[in-house]
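You will see two complexes here that share subunit A, one where it goes with subunit B and one where it goes with subunit C.
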Partner chain A sequence: MDWALLAESATNGGLVGLMYSLVAMGIVLIYKSSSVPNLAQGSMTMLGAYVVLAFANNAKAPIWLAIMLAIVTMFGVGMAIERVALRRLAGRPIIMILMMTLGLEILLRAGAMTIWGGTGRPMPLGISDDPLFLGSMLINRTYAVGAAVAIVMFGLFMLFFRTRMGVVLRAISDDYTAAWSVGISVERGVALSWAMSAVVATVAGVLWASVQGVDQSLAQLLLKGVTVAVLGGLDSLGGALLAGMLLGIVEGVSASFLDPVLGGASRDLVDAAMLMLTIMLRPHGLYGRHDIERI
Partner chain B sequence: MPNSNTSAAAKILSLNNIEVVYDHVSLAIKGVSIEVPEGGMVALLGANGAGKSTTLKSISGLLVAERGEVRRGELQFLGRSISLLSPQQRVKLGIAHVLEGRRVFEHLTPDENLVAASAVRSRHDMNRNKERVYGYFPRLHERRGVASGYLSGGEQQMLAIGRALMTQPKLLMLDEPSLGLAPFLVAEIFQIIGRINREEGLSVLLVEQNAVAALEIVSHGYLIESGRIVMHDTAEALKRNPDIREFYLGGAKAKSFHDIKHYSRRKRWLT
Partner chain C sequence: MLFRQAGIFHTDYAADRALFPIAADRWMIGILLTFGLVAPLLVNSLYLSSYLLPWLIWTAGALGLNLILGWAGQFHLGYAAVMGIGAYATVHATRAGIPWEIAIVLGGSTAAIIGVGFAFAALRVKGLYLALSTLALQFVMDWVISHVPAISGGTQATLQAPDIRLLGLPVTSDAGLYYVALVWCILVTSFMLNLRRTALGRALIAVREKDFAAAVIGVNSFYFKLVAFSTSSFIGGVTGAILIGTFYHAVTPEQFSVDVSIQALAMVIVGGLGSIIGSYFGAAFILLMPGAINSLISWAAIRFGFSLSIETLAHLPQALYGALIIGFLLIEPLGLGKIYNNIRDYLLVWPFGYVKK
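And now, the complex of A and B:
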């Protein structure tokens, strides 16, 4: 057993996992405030990265400003998605809303292909490629930054859900009709959750793009996001954070040790196993809420 | 038969010939007219499926959540027509609807339930309103940190009423607050509703199957059957009415199904 390799791949895996958490958090945000599982989170992440590039390359904005502008833009995009695609579906069966988000996913991916083409572009964040040395372990700097950002975002959202607006969003996710009955603007609340989710998607998009470049394959992060969100419990931000780390560690370790045997498929196999086992053994995930039943 | 005193007093709410259809086809209420005097307490009585909840939803605007719509009739609140307003706008005007089955936000604590419903912006005003609710329902204060899904039925009903009070209503509409509660709890909750009505001048429209309890606290009552108002009188007169005694207050001797059918037909004739 190569302990040094184990430690290194577990650490890097954990950091990558926290970057998965960023994608998952977007899914959780929407689910937590409207009980809709968003299948477009991956392509929103991709779109966020493209919008940053559009501001940086076409408008020649410095990268930090481009990110700020993209965050504002994507906030609007999130609101618009709710207004145009989802508002009219309020109160319809969840399966129809789910299919609508799948349609959005395809639309955004195809739209990005149409506008920006299929070639990969770099995301010049200016994070050095040199590894960090932690004892004898080599740590990827981008992963470290991504993980830190994920933890900061997590903290911000935790604080948000304690504010009055946050309580209102949780109320909406509990019971639409009851929320209406006390004068809560359900539509505005759901729109806000989509906007916040689009913002976190932008952040995730930028970080992931600096790892793998900007192209449509960023949308495939949906699979990681869904796996992590389900494992964490769909409506638990803390669960998403922990589940991301867990998935990342298992993935990282298995990639280091099993890839030679499995021909490079071990990450995906781990994802599939995690997702399916969670649903079979623990459908509410690590920290998901159970529906309260009084006895 | 309708009491002329009610129409003379200032009305906070009046329904004139309201007709509601669900899904464009099924007619749920067929020309319901009701008036609630300002500061008054009125009951809408009737059996299961008679159209009581639908009537309330037509007033609060919550029909939209169930693909229902008011197809005909006039809805007036404080002298202005509200037919075209959204549920939020109606709440803002002062209409609070406590839903059947309580429907508290189960995963939120009672305190958060009150916060979510709070109509006022300033934290100071919100806390004052919360104190007021806790004043009426001290038990909610004791349980304020527990997830509301774990409260007892009575506590949830108190929370649902308290939550509605956070919107600072002028009219409180209650849909079957006695449902599934022990008689002593029903008495307690009705007594508090009466107190709120007296102390704050809040008008109340109470929908009930439990006519005995309801007629104790209201001044007037309407009786609805198959989507139509079939009777309207003072609470005292309704309590004395032989038909009401028999069918809604659990009165005297048992009758055959034929008599009941006859009764229904006669009632329809009378309207």
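And now, the complex of A and C:
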């Protein structure tokens, strides 16, 4: 057993995992407010990255301004998706809703590539490629920044849920009929949660794009996001953060030991296995409500 | 007008139980079947082998998925994986020298056995979690197929499928391959048509509507979910094998990826959940749409004098495909089959519209 390798892949895996939980947080936000499992989160992440690039390259905005503008744009996109596509499906069978998010996934992914093209482009965030030395371990700087941003986002959400609007969202997620009957506008709350999830998707898109470039493969983060969200419990933001770290560590460690045996690409297998195991053994995840199975 | 029927008035039970109680339906089915049989004489071989043949095979596939999705109400995001299992099992069996007729049954049975594995997920979870677990199984299957050299013949490999031989006679002509697909499609269609007249079909519908309500009236919902998963997987497996044998002639893991699963789902949704005629419409729609959009765009580009980059042209049909799924869900959630039924219901009592209930 190579302990140094184990520690290094676990640390890097944990940081990558926190970046996965950025994608998962978007899924959780939407699920919490409206019980809609958003299978379009991967392509929303990808769209966010493309929008940032569009502002940076076409409007020649500096990258920080481009990110701000993209966040505002995606806020609107999230609201629009909820208003146009999801609101009319409320109360329909889960098959229809899942198919709708799959349709959105295809539309957003192919739409982004129709407009901006599918060739991979870099995301110039200005994070240096030099590894960070922590004792004898090499740590990827981008992963470290991504993990820090994930924790900051989580903190911001925790603060937000203490504000008036946040309390409204919590009421909706607790019992939307009761929330409705005391005069809370459930539709507006759900729209806000879609908008926030689009914002998280943009942040995740920027960070992941600086790791792997801006192209179609960003949409494949969906599988990781779903796995993390289910493992953490679909309605728990803290669960998503913890589950992301857990999945990242398991994935990193098993990839560094399994890849030589299985000939590469064992990460997806580990993800799928984690997802299956969670669903079989503990469908409500680490921190989900126990009644979450009944949809 | 077409149906000449102001309401349905049966005078005996046999008429009520008939597969097609209305004479006009029998005539239409007869005409379609005749057309299907003489199509190789009427249609040129390009259209026959690149439009009619895949349409028939995919219709059979969509009907198999409709059994699980529309009848039993269980979400299945891994249907392409099941088709792939059937295809690979059949190709390996024929390469080992087993006659093709037996090999497709073997392929279907293999798919059914593994498909029941999917059902064990349905045993424990439902709705969203079933969808996610079948999605995970799709990824596992993809991985296993492409990473186990004994199955795929090595990474990135294409496995050549031997020519189909029926009763020892090789089937290689376009017309012959077309008839194989036609027979399979008719078999699946008649199975599905008869399903709704049987106890099995009614039990599946009971399970779909509410599984514990079904259990209360004595329908063993777990048993019927297993039956639904294995039957649909059998149909899917044989369809995959026939798709390879008559259309692709070679098998690669990409032919059965997660995108194909979503495509099959789109066929069922666009066609209409639980609608047989809808599966025909849905399969035709999804298969023909990209080509139709491409020719529409190139026509418009010439007509209105604009030019689009290659990348735009490559991704635009896909984007419109997503938009169509969304559009159908918003405007007519029960799909093309429901639109056909609305027209039929209107014409059934025409011109006495007030007869309708």
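By definition in this document, the second predicted complex is superposed on the first by the 290 of 295 C-alpha atoms of A that agree within 3 Å, B and C clash if a C-alpha of one lies under 4 Å from a C-alpha of the other, contacts with A are read in each partner's own complex, and residues count from 1 in each chain.
Just so it is clear, a contact is a pair of C-beta atoms (placed from the backbone, for glycine too) under 8 Å apart; a residue touches a chain by one contact, two chains touch by 3 or more.
The structure presented is a predicted model; accordingly, all values stated were derived computationally and were not measured.
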Fit or clash between subunit C and subunit B when superposed on subunit A
fit
Contacts for A:Asp259 in the overlay, against subunit B (first) and subunit C (second): which applies, first, second, both or neither?
neither
First, second, both or neither for A:Leu89, with subunit B first and subunit C second:
second
Angle at subunit A between subunit B and subunit C: what is it in degrees to the nearest 10, using CA centres?
80
In this superposition, the partner of subunit A with more touched residues, subunit B or subunit C, is C
Scan A:Asp2 for contacts with subunit B and subunit C and give back first, second, both or neither.
neither
With both complexes superposed on chain A, which partner does A:Arg170 reach: first (subunit B), second (subunit C), both or neither?
first
Shortest C-alpha to C-alpha distance from subunit B to subunit C once the two structures are superposed, in angstrom?
10
Intersection of subunit A interface sets (partners subunit B, subunit C)
293
Which of the residues in subunit B come into contact with subunit A in the complex?
60-62, 65-67, 87-88, 91-92, 96-99, 103-108, 112-113, 115-119, 147, 149-150, 152, 163-164, 166-167
Show me the residue ranges of subunit C that touch subunit A in the complex, using the header's touch definition.
69, 73, 75, 121, 124-129, 131-133, 135-137, 139-140, 143, 147, 155, 262, 265-266, 269, 273, 309, 311-312, 314-316, 318-319, 321-326, 329-330, 333
Which bits of subunit A are touching subunit B when the two form their complex?
91, 164, 167-168, 170-171, 174-185, 289, 291-294
If you look only at subunit A, which of its residues touch subunit C in the complex?
37, 85, 88-89, 92, 94-96, 98-100, 102-111, 113-115, 117-119, 223, 226, 230, 262-263, 265, 268-269, 271-273, 275-276, 279-280, 283, 293, 295
